[in-house]
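Going by the order they are written in, the chains are A, B, C and D; count residues from 1 in each one.
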């Protein structure tokens, strides 16, 4: 029976192999484009095996490289890591297929470079998921930022460069100035870089400084897009849609909130937080981000910009869940990672499909085009239902647990925040299918939709429904994580 | 009384020379005068070392066969021998540079030189600017 | 034969390049002089590796010259502290000599090539001697040998661009003033203690408590060395000297010259004087610490606004020197070790960056400024990839050597509860990303002259590949560098704090 | 300069004694004041005097540049050679008391050779410097 360590290797190394092999195959595009989904399937297989192992309570551990005494690159799969790893690898399959359809539909230039860095980004995300200690986490967090830069600045025109510069300065700046010293503070305080199930800071940090250390951490994780450091996400929308689909709905932002949750649970520890109340300020900040970005999303006319702001608000759901420092809320937050990933990737796929098929990117132009692209808008409808949290979709589970957690932790005003934002979600997401199906068409456009785009959309859309019924293994994993 | 002040007297000269040398190096704009200042500065160090070596009543540190004569300490003298050679090397290098600068720039006044350098620097940046401007669409 | 070599290793490392520099000057054929220089630097590197082994066999080797017993005669001291700069200098000089084969003839007319290589070996011998000697005045002699040879080398740049002469002139005058200040300091200390041997000096200084001449001597010595090490306010000579020197020379000087003087600064501060007496603590806290913080920010900001790339890299060197002096100024064992780690890593990083830029200007045969960088990335892929990796290493991005040194400096400053110092370090290193990114963006994204038919010459990019590989290797497996630095700081600070 | 007979004759007469005095200073270095540096400068001054009075070309004829460079390097190599010889004989670098039969003789030989090496180098450096400055054409000929 293959040992656990090789599963970790399978999951992590398959995107790396795709990264190394793709440039060699730039001659024949078909083989090169096949690599992506193939790599995705292999790494998902590994991820599923790891998840089963973690479900049985085993903790796969693998030390790769010993840099110096006390510093090493080592992998250790936490329940949270297993979930994120599975989400990233499974959705990579669909995103790889989708990007082939999109890139060919749009005749984009230098696709080989695109696919190589695409695979590298997934590799970095998976390494973050399975990282064993804070330093490995930081190393691959940086590698993820640097491997996504060529994707964001793909078009190489003036706009892409400016967006790339903003993207890099915020993400690298925040992680170098805040996250690195925070990690080193933990290293100095606890004497080692490792994390443990219910927090390492218990005895080593006197409680008054806990909020300040948490603040350095929170503002260090630029990818979790809290208010002052969220500007990079809308700016990164200038990238081609497969990039914003996988990266800004799944890999990059999820790595951010994954790191946030990991810090909150495995470095600070839930009961240490609830005891010292160190994260109350984070609850206020997350709720504020949540509401403000939902309101901004309403005024955004461009589809991708609206989805970008909706992503920022959904990320704050997860940060809020973690900050509530209650077992139930953390479970809700982790489940929200899964459901939001599935839902949001569908919405981004649809936005890309509309752009490729009908060359439209403004919501106001969508009136009456429901009939010409029925499947696409139906998928959008189901996806947004899941994000809003309507029962037959997976999103309802995570929102339910989040609200339960809010009640359990005694912060009742958070319940109010959740309900207001659900209403806002409904408003700005439902506007698109409503315009498409009910309003009158002002001009008709010949729609040419490549099949390679519709397949992934349908799959991810069904995923949101299947997840509603198949939420049981994820829920078991989060309960292992919490108690 | 004089001998005690004598020791002090030497150091006054040393540090006076040193400050004159430094002033010339910093104050003067002419490159040649800087080299002269530098040499004065280094000579003052030689004097400093020799005054350290002087032992009262000691003769020059050259062996003479009258036994138990007191010699002043030979070590500073030897060190200064090397320091002199170093001083010569520095001055020679400095002067040859001044010559080359004079033949390239036509003057050894610091202001004219830095003026010409500034002109060259901006010219270099300008020529490349329109090169890259041509390629920006 | 081998035991003679082993016994005389400390001196062999110095006289091997020194003697060969005298021989090389007589060789008329340019290629032959390059071959001899290359083999000499290679042998010196092998000797330094053997020395590394010897030092870790018995903790410190003292080698008396000309059968005068140590306190009187000149004593060469090799211990775990001085082996670090020796390895740095010999390694970098070997790689740079490979690099100089194609680059040197392009900038210096063929009649004076063998003279340049003799000066080249002389400068290397001076630097290695500076680091091995245990005698204060002998240190001055080597200081002068290395700086005069470097001035002459920089002046060679005057053949291509006349500003090289003025840069050499400034370097000479400032270097001579610095060295003379150092001699005055040594003289004052000799006047009080009566000895020139550094180890003996530190014993005698410990006995004298706060004698005025001692403080004056210390002051002169430190200022003199700070001029040579280009610590912030005294660094005016460095940008122009590195910018207008011939390409290969600027690579050598950028990576090794200041490193030797920084090591001497550490040796004077910590081993000659005692870290626990108030004089040193005050100097560290109220002089060197603020100066290095100023250096970090001034260097980086100057680099951001600089147009000429070689000057930009020189300004960034000043900022990096600020990191090293800051690490020394914090004064704990961990921070001095972090200083040594960055001493090693910065030599690799800055050497690689200068190599990349100078090979680019060699290919397009023009002086590189931010404007004519545009589009070159696609024309010369190997050089560009190496340049990107090494600038990531400068910014301290993980998996590179720069990250390791940044990690340890911040850890040292935080554990010396200087969280503000850590924040300042990170802010300035984040600022350094600005000018690095400006260059990378210009190289890759901007449109430039197409199909320049640049054929990347193997002799030029092989050393670049070697040094980039070292940058990554010491990022992945830094245990060698980290352990020897901690051993060095252990020995340097000894039983003290 | 070269048409003035008094100077020409004076230099012709003085040339040999200066060299002789230089050699005297050179080889009496270890008893009385003297040694390599001073002797080298004295010997160099003889050649420079000749070059000044008889013109640079004649000076170069007397003492050509490439020999000058060769001797310059030879002096340094001699100095280092003594050191390496003593190293090969088992002692530390430059402990030349090993060279001779007894310590005393070894010291004697060693210091003599070393001083001679220094004398050679210093004299040739001074001459080289004089040549460099003397025929420096303003056209920027390389140093």
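Keep this in mind: a contact is a pair of C-beta atoms (placed from the backbone, for glycine too) under 8 Å apart; a residue touches a chain by one contact, two chains touch by 3 or more.
Source: prediction; values computed, not measured.
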Original post:
Counting C-beta pairs in contact, which chain pair ranks first?
Top reply: B-C
Original post:
Compared with chain A, which chain's mean CA position is the farthest off?
Top reply: D
Subject >> Centroid spacing, where centroids are CA-atom means, of chain C and chain D in whole angstrom >> reply: 35
Original post:
Just curious, how far off is chain C from chain B if you go by their C-alpha centres, in Å?
Top reply: 24
Original post:
So, what's the distance in Å between the C-alpha centres of chain D and chain A?
Top reply: 79
Original post:
Which residues does chain B have that touch at least 2 chains other than itself?
Top reply: 100, 104
**OP:** Any chance you could list the residues of chain C touching two or more other chains?
**Re:** 155
Subject >> For chain D, residues that touch 2 or more chains besides their own >> reply: 143
Original post:
Which pairs of chains touch one another in this structure?
Top reply: A-C, B-C, B-D, C-D
Original post:
What residues on chain C touch chain D, complex-wise?
Top reply: 4, 8, 11, 15, 18-19, 22-23, 25-26, 63-67, 109, 111-112, 155, 159
**OP:** Using the touch definition up top, name the residues of chain B that touch chain D in the complex.
**Re:** 62-63, 81, 84-85, 92, 95-96, 99-100, 102-104
Subject >> Contact footprint of chain C on chain B as seen in their complex >> reply: 18, 22, 25, 31, 34-35, 38, 41-42, 45, 48-49, 52, 75-76, 79, 82-83, 86, 89-90, 93-94, 97-98, 100-101, 104-105, 113-114, 117, 120-121, 124-125, 128-129, 131-132, 135-137
Subject >> chain A - residues contacting chain C, complex >> reply: 65-69, 71, 138-140, 142-143, 146, 153, 156, 161, 164-165, 168-169, 172-173, 176-177, 180-181, 184-185, 187-188
Subject >> Complex contact set, residues of chain D against chain C >> reply: 69-70, 73, 76-77, 80, 83-84, 87-88, 90-97, 142-143
